[in-house]
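A, B, C, D, E and F are the chain letters, set down in written order, and residue numbers restart from 1 in every chain.
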Amino acid sequence: MFMNIQRLINEIVPDEPDPAAANALQEGLGGQFGEMRTMMQYLFQSFNFRGAAAKPYRDLLYGIGTEEISHVELIATTIARLTDGSPRYNGSPEAPLDEAAAGGATPLSTALSAGNIHHFLVGGQGALPVDAVGNPWSGSYVYNSGNLVLDLLYNLMLESTGRLQKCRIYEMSSNKTLRSTVAYLIVRDQAHENAYAKALETLGVDWGRTLPIPKTAAERFPEVKTLLDQGLAEKQYTFSLDNLSEAGKIFQGSAPAAMNGATLRTEQSPEGYPMEIAVERPEEFAPGLDPALLELVQQTAEMEVAQASDPTD
Amino acid sequence: MFMNIQRLINEIVPDEPDPAAANALQEGLGGQFGEMRTMMQYLFQSFNFRGAAAKPYRDLLYGIGTEEISHVELIATTIARLTDGSPRYNGSPEAPLDEAAAGGATPLSTALSAGNIHHFLVGGQGALPVDAVGNPWSGSYVYNSGNLVLDLLYNLMLESTGRLQKCRIYEMSSNKTLRSTVAYLIVRDQAHENAYAKALETLGVDWGRTLPIPKTAAERFPEVKTLLDQGLAEKQYTFSLDNLSEAGKIFQGSAPAAMNGATLRTEQSPEGYPMEIAVERPEEFAPGLDPALLELVQQTAEMEVAQASDPTD
Amino acid sequence: MFMNIQRLINEIVPDEPDPAAANALQEGLGGQFGEMRTMMQYLFQSFNFRGAAAKPYRDLLYGIGTEEISHVELIATTIARLTDGSPRYNGSPEAPLDEAAAGGATPLSTALSAGNIHHFLVGGQGALPVDAVGNPWSGSYVYNSGNLVLDLLYNLMLESTGRLQKCRIYEMSSNKTLRSTVAYLIVRDQAHENAYAKALETLGVDWGRTLPIPKTAAERFPEVKTLLDQGLAEKQYTFSLDNLSEAGKIFQGSAPAAMNGATLRTEQSPEGYPMEIAVERPEEFAPGLDPALLELVQQTAEMEVAQASDPTD
Amino acid sequence: MFMNIQRLINEIVPDEPDPAAANALQEGLGGQFGEMRTMMQYLFQSFNFRGAAAKPYRDLLYGIGTEEISHVELIATTIARLTDGSPRYNGSPEAPLDEAAAGGATPLSTALSAGNIHHFLVGGQGALPVDAVGNPWSGSYVYNSGNLVLDLLYNLMLESTGRLQKCRIYEMSSNKTLRSTVAYLIVRDQAHENAYAKALETLGVDWGRTLPIPKTAAERFPEVKTLLDQGLAEKQYTFSLDNLSEAGKIFQGSAPAAMNGATLRTEQSPEGYPMEIAVERPEEFAPGLDPALLELVQQTAEMEVAQASDPTD
Amino acid sequence: MFMNIQRLINEIVPDEPDPAAANALQEGLGGQFGEMRTMMQYLFQSFNFRGAAAKPYRDLLYGIGTEEISHVELIATTIARLTDGSPRYNGSPEAPLDEAAAGGATPLSTALSAGNIHHFLVGGQGALPVDAVGNPWSGSYVYNSGNLVLDLLYNLMLESTGRLQKCRIYEMSSNKTLRSTVAYLIVRDQAHENAYAKALETLGVDWGRTLPIPKTAAERFPEVKTLLDQGLAEKQYTFSLDNLSEAGKIFQGSAPAAMNGATLRTEQSPEGYPMEIAVERPEEFAPGLDPALLELVQQTAEMEVAQASDPTD
Amino acid sequence: MFMNIQRLINEIVPDEPDPAAANALQEGLGGQFGEMRTMMQYLFQSFNFRGAAAKPYRDLLYGIGTEEISHVELIATTIARLTDGSPRYNGSPEAPLDEAAAGGATPLSTALSAGNIHHFLVGGQGALPVDAVGNPWSGSYVYNSGNLVLDLLYNLMLESTGRLQKCRIYEMSSNKTLRSTVAYLIVRDQAHENAYAKALETLGVDWGRTLPIPKTAAERFPEVKTLLDQGLAEKQYTFSLDNLSEAGKIFQGSAPAAMNGATLRTEQSPEGYPMEIAVERPEEFAPGLDPALLELVQQTAEMEVAQASDPTD
């Protein structure tokens, strides 16, 4: 069973909107090695888990799977920020939606030339469950063989590939909004790679100097280095409200060899950052509620409240 | 941000394994109108939400979206139960895996004739992110137009269709494991239909005698009737750990017309039921850990524990 | 622009319902070489047509494309007939929908073992836009290279493949409902193969003894032989309401060589057969309208009629 | 059964070719909420319809489904116009196809940078059955639950979403060819939304001020306003050649509340506009017929005509 | 560049036709972890390879990729054998194709109840590029990150998963045709797992007792044990006609730890087994050539030969 | 069974990298009418072939299918060349990967605006198994009806369409790398069209002046003309190492009519051109091996060699 908290797992740094950067980031959300996939893969692996004697491994999967839901939330919100603020015709809701302004462009003409046109046409300048070339996310991505060792090996490779792709995205744009989220996810992917590598260590593998795979030189990315220096790659969260998670039995002791011997630590959850609701976009007919409806809602709510006994008993 | 609790949102009643019933239930998990879709649709709608003035609607979507994660967990676990216990050759792990027993069947021959062969071939007798004819779940299912009224209207239709399909599944098999989960989800779909209908009521729609759509006569299904009598269709959960949800502003007062005037109530979350880890299946090579690995793990864990200071600081 | 007539292009012979036969027939509707594909392919080819000097070829495509819409209607209706009459629990709408009858089966249990479960679960015992293994129809099937000769060559191959598959379906079941529609479509596919072969003849190809491809020996299927003897394979319809079609300039003279020298004829349209609306299926919650709604509709209609001046001016 | 007329349902205003605009318009043709989908959805719903007592609803679906075929024709033709006239190397068919001209571009180099490269590579500068990011149309889009009320509710949402997307497309480009077709379809989507809203009204729903959903302020688009002023949004066509349609029993009386009380009217069909065949494109090897073939065709036709008795008896 | 030899890489043991077994085997051909995927993945990895200093790794990929083409050939031929011999109505080509025989079945009625109906309907009783639930093979399966270590890690996991699935298929049927091919591929997958494990060893990983993953106890399958005893799992083929392959630099020395210290050996290629062409199937209209065409071909061939100088110079 | 030779089937002419041209070329690799499809289609047709009397046709399919593997290799390598050399930040591996250079671009920023972003994000600047709009290659493309004449007719159309698309690609860019491979494939497609046309001639078809379809005027492309003048379109290779191919019985005598009477010739294989391994790309983290790993590998190799007896016995 799952609960939510109205906070984001990391802070999103403001910068200019950039639909092309938003599109690149879609790979990290709805791509084959993106957060929707890690989330679904680990949740299915923990729902279908076999063998009570191996519960610490189940709990490791369950905890990381839970974290990935928050990653989906973070990256989706980041994409929405990057598409938002697109060519709103002018500041006034009364501005014409049908004519070109001085600049010669119609309100949504940017959609024709940058990123994924669906951001403006199918969604109202928000994130989509697709990858960076517009392929919808597919259930066929989920790997869950039923054999624990194979599943762990796949997960290690999956986290490494996710990190590789995010390092490439980092190099595609210097947009600060994009980079703040990408850097955070690079380091958390590293932490998850540590977790699966450690789990395989408990099963007999000695990784030698092979890890991390790939050697992404991510310490050359300043935002990443800052987080690494804070030890965020050696920390695991259980997100376990009832503290029944036994994942800490695996994620403990020294980090896999190439990690320079740092000590792994397990915590319940990070504190999170405030969450904001985006502004309306009249040119997308994404009003939430128009004034007439808002008034109606207000009346209804008051009327109901007057009648209601205790709505949150 | 999301947290987990090691409990199932509803109890699964034990019965015989039934791969064909498991396959029908896949529609409710990975089908176009199944729980993976409602979960993803509501989460995307809340992540991309616009208009702070409409926060109660955002919180309604956020809360139901969170509940759907637990529904995915419940239905996946139910499917795993229904495929589990399939023709294990005999009780002993030493039994031959290559010969036919007295009954003439090889250990996994049932996979050739009932349900979805992937349950036994790709997974280790567990749930898959596919529908009842084996199509993988697709991101193209997610609807999030960015216009609040349209999104609510779609969600109402989505819940109604989900309920319609689950009523049909109920009629396909008398297996108690299947029916316990299906009946629960029928009633919760009804509750969510109530939520979206009520939200549209606040925007001016009077549903008259039209609701519920469809009129499924679900009270003729005993397990459903029991839950309806407990008022489970008029209750909404926020799953909001910080109690910041304003969804109760919408989901209150009298239920939409055809609901016989029952009063809507909002709570934080149900209590849940214990969760169990399934047994291993040697014929699927889904051992979790073999004895040699178990021993190794034990040694490693002890060694690490001896060294570790405080693994859950 | 298109108009409809409430008649079927051919008669459907009644027989027992047969979900497995219905599923085989889905290939002819939503398969890669089925009627949805021929319909869409010819319509796209005529919408995108280039070269006014070649108008007779455009009109040939336009006419056959129009006929295919009626074929989609015919085969969809046939599939609906074959799934209909499935295990309705008993004759009375008051019968329990939740218990097994004397026969031991629940109302929709047949869905678990025969044909495509989606016929009963996603649809209400009706046709689906999918093929015989449940793959949804795809726009990627449509071939329209823009080069007329290539398009004609593809169309010839397409009709031949469609006919080949229908001959195989004919051999899969002796159900009369299935065979009446399949036999009709075999002969019309033959007529269309004649049309494209003739069109290529006008461009210089001499087919010799190669045609028809394949030599399906369809005269060994009695229902097919009857229609062949009526000359239905040498007749082309324009379905052209304004009689502006010039397709007859191509489809005339002797049939392509292997066709035994029969003379090709062009007509406007067949007369058609009466169309019936299927009965309701309570076990699918496919009521159309329940008694309460029917009464409401009746009242509304009368009230509106009383007020309305001339609704069909 | 269906017939065709060689006329377009609306006029296409000439303007410059614009491949990027053509690509945006593909969403309205082959997208999840485009005309191919409405066409197929309504046709399947009418083919699979249950309940003779509800025939007016069947006829409503059948009539709108027929209109959508003409919409597919209109929008496909518009896309073909917008891609046509693309960088033909120079006016003469003898111009070199392999070298860059003074402008530095090869004949089809525009395909690399604007819109969908498949318009030039897979098709011969014509419409494709895909959406605006190149995903092929899928049969999984078609919704036909078998429950009439649910189907109507979905259709209302579908028309509203289609209209929302077309309003966004309108804002993406000021190209007159694009806008003439988009404006027409916005108003017809409004008419269809009216039809389904009215049908639900007959079943008890009072829409209050909720409709139209979304409130697109389309009267701010001049081309749309002109058509609205002509009452095109309150008119329904049966496209029923035998005038057996009973759709007028539903689509009559006052329009749903927010429509300002205009009176709904039902007619057989619009008059239509002349249809033209596009010119050939040598750089696409889309000649229709080369001179040698044209000569051959001419000879064949004359020869056949001399022999033929009456080709259109 | 590639050459062919008209020999199969392993012998196919004859047994009864079995469409359900054929369908299970499709997973090994066109499934996500089947031979089409390994073939394409390794070929793409070697075509896109970077780093001349790492040529032995390129050659390893190139050689195994080449072997997989022969595996595709072997498994496709096996599937064709298993579907062949399906209910040919009787021995004579003159037998009626439209009536039920004494047994009550029409010629292709078996297609309705066992395995994949497309084997009989779309193909002429031959293999298809799909998996065991009918999903077509997809290019999205191919993994080629561009990072050598990641690619090797993925390949190790891929071979292990392929072997796991084949062990499960082995347990689904005792058909000797199926088992002869499955047993061979289990052992070759083991050899390829050895190759990738060894390649990772050269990069620093010590697998300890972890390998093989999974521990499939395949020595309990007699056909597998026979091949293991022959050392087939420790042998690698280069399939390198010009003997330029340097793969032997990696695949040498002792096998990865858990492999009991056997010594790895590299050879050019196996000898292969004779290849036979299947018989014709009149009920599938898969005649190859009918008698009239055969006669024509014979005449043409003789005529041409008489004129030809040297056709194979 | 198949063997490889470390040579390319044709030479790739060097030119500037051009990601947009690379993307266009993807259609020829992973598109519906590209080389992966011809390769798989002909291989499946020969694996599933029926009728020993028709062996020359089987061998024709087998030989062309083998050639297509080399075409996949050629076109994939060409695409890798065209994406390679993309914006490497500067010449030194020590260059910063996180900052914009003087030109203002980050190392991989080009990925956002040209071609397929997956070339840089999912792959390491290499070819992908997708088409020019990013759709993954699909097994549903493969046509293998089981009827020989239909299969040949389809293959003729397939080669013609492939050639048509490549002529269009030729017109999209003057890049010499792209044109060298495209020109070669245009001529080989022509040769294969000749082969299938000839095969159909042996079955009775007289193509008259219809062939080649389309008349692409390819002699106006200089690189194509050079190869045509060398007779490359009238030559067929068997790629048959054991020289058991009987394809020469079909591909002999005069070329189909419109081919100007040239004489068809059959050879074993071309000589091929040297193959090179691409350089590493640090900005893609596609190092092959980093210095530390290279040293390790070197040590291991030496150690193993010292112990090994005969690694290539």
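For this structure, a couple of remarks:
Assume a contact is a pair of C-beta atoms (placed from the backbone, for glycine too) under 8 Å apart; a residue touches a chain by one contact, two chains touch by 3 or more.
Here the structure is a predicted model, which means the values were calculated and not measured.
Here the chain-to-chain distance from chain B to chain F, counted in touching steps, is 2. Contacts with chain A and chain F are shared by D, E.
Common partners of chain C and chain E, by the touch rule above, are B, F.
Distance between Cα centroids is largest for the pairing of chain A with C.
Interface chain D/chain F: under half of the residue numbers present appear on both copies, so the contact uses mostly different residues.
Averaging Cα atoms per chain gives one point for each, and the point farthest from that of chain E is the centre of D. Each chain gets one centre point, the mean of its Cα atoms, and the points for chain B and chain C are 38 Å apart.
Measuring from the averaged C-alpha position of chain A to that of chain C gives a distance of 47 Å.
Distance between chain A and chain B, defined via averaged C-alpha coordinates, is recorded as 22 Å.
Multi-chain contact residues, meaning those touching two or more other chains, occur in chain E at positions 32, 122, 133-136, 138, 140, 145, 147, 149, 164, 203-204, 209-210, 214, 284-285, 287, 293, 296. The touch graph of the protein chains shown belongs to none of the named shapes.
Interfaces, counted as pairs of touching chains, are A-B, A-D, A-E, A-F, B-C, B-D, B-E, C-D, C-E, C-F, D-F, E-F. Residues of chain E that touch chain F in their complex: 1-9, 30, 36, 40, 43-44, 47-58, 62-63, 66, 69-70, 72-73, 76-77, 80, 122-130, 136-140, 142, 144-149, 201-204, 239-242, 244-245, 248-253, 263-270, 272, 276-281, 284-289, 293-294, 296-297, 300-301, 303-305, 307-309, 311-313. Here chain F touches chain A in the complex through residues 96-100, 106-109, 111-113, 116-118, 120-122, 130, 133-136, 283-285, 287, 290, 292-293, 296, going by the rule given at the top. On the side of chain A, the complex with chain E involves touching residues 32, 135, 138, 140, 145, 147, 149-150, 153-154, 156-157, 160-161, 164, 200, 203-210, 213-214. Residues of chain B touching chain C in their complex: 20-21, 23-24, 27, 31-32, 132-135, 164-165, 167-174, 209, 214-217, 220-222.
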